[in-house]
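In the two assemblies presented below, subunit A is common to both, partnered first by subunit B and then by subunit C.
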Partner chain A sequence: MSTVLSLAGVRKTYGDLNALDGIDLSLPDDSYVSLLGPSGSGKTTLLRVIAGFETPEAGTVSFKGERVETVPPHLRDIGFVFQNFALFPHLSVEKNIAFGLENRVENPITDASVVKTKVRDIIGLVGLAGLEDRAVTQISGGQKQRVALARTLVTEPSLVLLDEPLGALDANLRTRMLTELRRIRQRCGVTFLHVTGSETEALAMGDTVLVLDQGRIAQAADADTIYNEPKSVAVARFLNCYNLFSGAPSDGRFAGPDGQFPLGAEKRFSSAVPGYAIRYDRVGIRPLDAPVAADEVSLPATFVADEYSGPAVNSFFQLENGRVVEVETHLSVAPAPRCKPHARYALVWKQNDALVYA
Partner chain B sequence: MSVSATTSETEVMTEPVRKSSNKSVWLITPGVIWMLLFLVAPMLMMVYVSFWTQTTFKITPDLTTKSWVTFFTSETYLNSLWTTIRIWLIVLAATLIVGYPAALFVGLFVKNKTLQTALLVLCVIPFWTSFLIRVLAWRPMLGKEGAINLILMKLHIIQQPIEVLLFSELSVVIGMTQIYCVFMVGPIAFMMGRVDQSIIEAAQDLGAGFWRIFRTINLPLTMPGVVVGAIFVSVMVLGEFATAAALSGRKVNLLGNIIVTQVGSLKWAFAAVVGVVLTVLMGIVVAGLLRVVDLKKEL
Partner chain C sequence: MQAGGIKLTLGVYIALFLTFLYAPLMVLAILSFQIGPEGGPQFPIIEWSTYWYQHLFGLTPPSRIAPLPIKEALFRSLALAIMTMIVSTVLGVSAAQAFRKRFRGQNFVFYLIVLGMMVPGVLVGLGMALVSNELGVARHWWGTAFVLHVVYTFPFAFLVMLAIFNRFDQSVEEAAWSLGVSPARTFRKVTFPLIFPGVLSAMLFAFTLSYDEFSRTLFASGRDLTLPLAIYGTFSVEVHPNVFAFGVLTTLFSFALLSVYAILMMLSMRRAKRIAIQEEA
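So, the complex of A and B:
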């Protein structure tokens, strides 16, 4: 697969803040890439640099094999779908979508009938038929999202940047739009770079998932790898499904303020920040006096509360030092734990389910 | 059970609605009384007086159309009506030409909000002096031996002073444009500042250049500002008399000047005729401008 966009050593600072601190990435042609990052990690800045609204202080941005750092946004063949949609409030749905075709500097389409055909096709693709003449102030959030997407797609860009495209929609609509977005992207055959702060959205959407941390790409891999083998403590934290313990390995055990875990066949990652991670759903709850196997780790804790979410129950336990540990029990594979409040339990996991960073 | 619950709920619902409509009547009463007493009644009175009989020293409430006939048959007065319309159109165009780019600059290129406010306040500073001083200050500027002529002569751009600068229609237009320009800049800059930056960026991203974006996005989105500004300027220029009196050397007689002289010579009926004509003219202009943009929708 060829590369549509590549960034090397891109830097951008705002005052003392390193918004982008040496970004290296390359996006393959015809794929769905999601970029996960917490707020303040530089997501939007990165998109703005790629789109051309900001100029990087250092590094190179190559688009389709050409350097574009100094090319103004209107001459780049990159589409941008804004978080707040940024529709033209004085134009109808149809006119909004036709805007790029009619007004672009490079080969604008002057034949009204060609514009009409293209707009009609894209309206059909995103599912807006029947709303052509509505004012954009008179349509719902999901419809606005579709107009924003159609307006960008109709100009046939080689890369589409989506800045938290589903952030303004309610949960129900969000799930529906996720499938829609994938379908539309496949039909158009372009690369989507979907920026989001939601780990579930990033994992669900991306053929490739990029994780952004403090202005750097912390990990770039497929969703399965990211979820099961986060490369660093920071990535594991964004995924929001790992219990993370600080400390350091020594003499065959990982020792930290929360306890000592004997080390065995864990997956190990070299990382500047040491840590020990165990996924919520890999932890079992047993009575304190139950036997522990040789390849298992046991941690005594007090039950605090649990949360029922339908397919699973999340239980919260408190360690001696006040630290909270979360356990996720999938009801399809195990019965609900039904722990007694304030009772002591043993939290047990297999050594080879844990991840060790050192 | 559920039925009774619904009825009691509707009762609860209707009560506050009636109360609030009562309240809104009370809220609007002082305004309505004020407008009736000091706007509607005087206007009706003016229409009434315009049909009174005027003799040299006396005015009597015997209805006649004599004053109206005089106005519409006298060349002097029709000329003055025409001059008023002409000056109004020229000043409106001039304030737009000078004001729109200024507003565009303040609203679009000045990103700093504080600096934006400071620049707009700067436009208002001339209003801290009296109207008459502002108008009269143009005399030493435009006069035969005024600043502009002196500078141009010193620079050897002209040999003779340009006499048309002062006591002409041009000086009236210059003076009015300066005074009323800020009323055009304000509303346009306000609308320009309200245009979401991401809309401009979206247009850029879709491939449009600066002028295209200006024509297709900025201009239509600031039209309400232009209309509001045009209404301000029109209403003030149409009723103007002081600038014309001070800067035209009596060569430019606007309808306002005629009212002043007629009232000065106690010709109340005739002044009322001119007043009614002026009010109708303003009404037409404002109604026409409001047709251009649906302000209720935009603001």
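So, the complex of A and C:
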């Protein structure tokens, strides 16, 4: 698979803030890439640099084999779908979509019938048939999203950047648009770079998932790897499904303020920030006096509360020092834990389910 | 109880405000229907008539009262106001567009522009007269006075456009660029249609301010008078109700323009509402 976009050492600062602190990445052709980053991690800045709205202070941006740092946005052949859609409010749905075809600098289409055909095809693809003559101020959020997408796709860019494209939609619609986006991308055969702050969205969408942390790419891998083997404590934290303990390994155990965990067959990662991670759903709840196997770790804790979400129950426990540990029990594989408030339990997990960063 | 007191006070305040705003206008309007040519600009009304309106258009038999010397002055003022409106609006839009990006010395340039509407008109007018004498430039309403009108109205157009751009969502422009549309074409096809209501307001400001301008024009316009100067000139001899009749006509003209604007707005609002209702049904 060839590379459509690659960045090397891209830097951008705003005052004292290092918005981008040496970004290296490359995006394969014809794939769906999602970029996960918490707010303030520089993800919007990164998109704006790629699109050409901002110029990087250092580093190179290569698009289809050519350096483009100084190329203005309208000559880049990179589409951009905005979080707020940024539709042209004075134009109808159809005119919005036709705008790029009719007005672009390179290869503008002057034949009205050709424009009409292309617009009709794309309207069919994104599912907007029947709304052609509506004003864009008079359609729903999901429809606006589709117009924004159609407007970009109809110009056939080689890369489409999507800045939190589903952020403005309600939860129900979001799930539906996720599937739609994947389908539409496959039909068009272009690369999508989908930026999001939601870990579920990033994992669901990306053939490749990039994790952005403090202006750097912290990890780039497929969704399964990111979820099961986050490369650093920061990545594990963004995934929002790991209990993270600080401390350091010494003498065959990981020691920190929250307890001492004997070390065995854990997955080890070299990382600047040491830490110990165990996924919520890998932790079992047992009575305090239940036996513990040799390859297991046990941590006594007090039950605080639980949260029922349908397929699973999330239980919250407090350690001696006040630290909260979360346990997720999937009801399809285990009965609901039904813990007593303020009672003490043993939280147990297998050593080889844990991840150790050192 | 206390809220009632505040309401009453505010009500009285508004009533007084409206009285002082419209009473002079009403008085002028009533007096313009005085009988002529013997009736003067004071109460009581001897007899109601439209004599002074006919007098304005030269439809009355000749009398000792000369027709208002305003025909050419009216033309000059309209021409000057239109010229000023166009130049100031273009300058205002471009300057405000430039101010969307930060640049070195931005604050200084801002105050420099805004100064044009702050400095006393008489001083600027006098200064312009002196400078043009010194340089041997003849003073004309279309020359020296025109320049001063632009200096005066440009800040207003600039401030209006600055406020408009302040609320403008830049991402629609970026969206157009990312579709491959050049910045110049984006301005013409996207930015300008969206800021057009603001441009209209800026034009309105520039036009009315220039059309009314007195103090700057007084010194800078040279021999040929603009309308405010010509009207003032007639006052210095003797005031007749024909001036009032003229005032009423220009006011009606302004109201007509505003009504057209209001009707257009209302129609577009109603259309938007109708589509919204269809959607719900």
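Just so we're on the same page, the second predicted complex is superposed on the first by the 358 of 358 C-alpha atoms of A that agree within 3 Å, B and C clash if a C-alpha of one lies under 4 Å from a C-alpha of the other, contacts with A are read in each partner's own complex, and residues count from 1 in each chain.
Following the convention adopted for this analysis, a contact is a pair of C-beta atoms (placed from the backbone, for glycine too) under 8 Å apart; a residue touches a chain by one contact, two chains touch by 3 or more.
Worth saying up front: this structure is predicted, and the values here are computed from it rather than measured.
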item: When subunit B and subunit C are modelled together on subunit A, clash or fit; value: clash
item: Partner chain(s) touched by A:Glu106 [first = subunit B, second = subunit C, both, neither]; value: both
item: Subunit B versus subunit C as contact partner of A:Tyr308, first or second or both or neither; value: neither
item: Which of subunit B and subunit C A:Tyr14 touches, first, second, both or neither; value: neither
item: Which partner reaches more residues of subunit A (counting touched residues only), subunit B or subunit C; value: C
item: Touched partner set for A:Gln138, first subunit B, second subunit C, both or neither; value: second
item: Touching both subunit C and subunit B, counted on subunit A across the two superposed complexes; value: 51, 53, 72-75, 78-80, 82, 84, 86-90, 99-100, 103-106, 151-152, 155
item: Touching residues (chain side subunit A, partner subunit B) in the complex; value: 51, 53, 72-75, 78-80, 82, 84, 86-90, 99-100, 103-106, 108, 151-152, 155
item: For the subunit C and subunit A complex, residues of the former touching the latter; value: 169, 171-172, 174-183, 185-186, 189-190, 193-194, 272, 275-276, 279
item: Subunit B residues touching subunit A - in the complex, by the definition given at the top; value: 196, 198-199, 201-209, 212-213, 216-217, 220-221
item: Subunit A to subunit C touching residues, read off their complex; value: 51-53, 72-80, 82, 84, 86-90, 99-100, 103-106, 134-135, 137-138, 148, 151-152, 155, 157
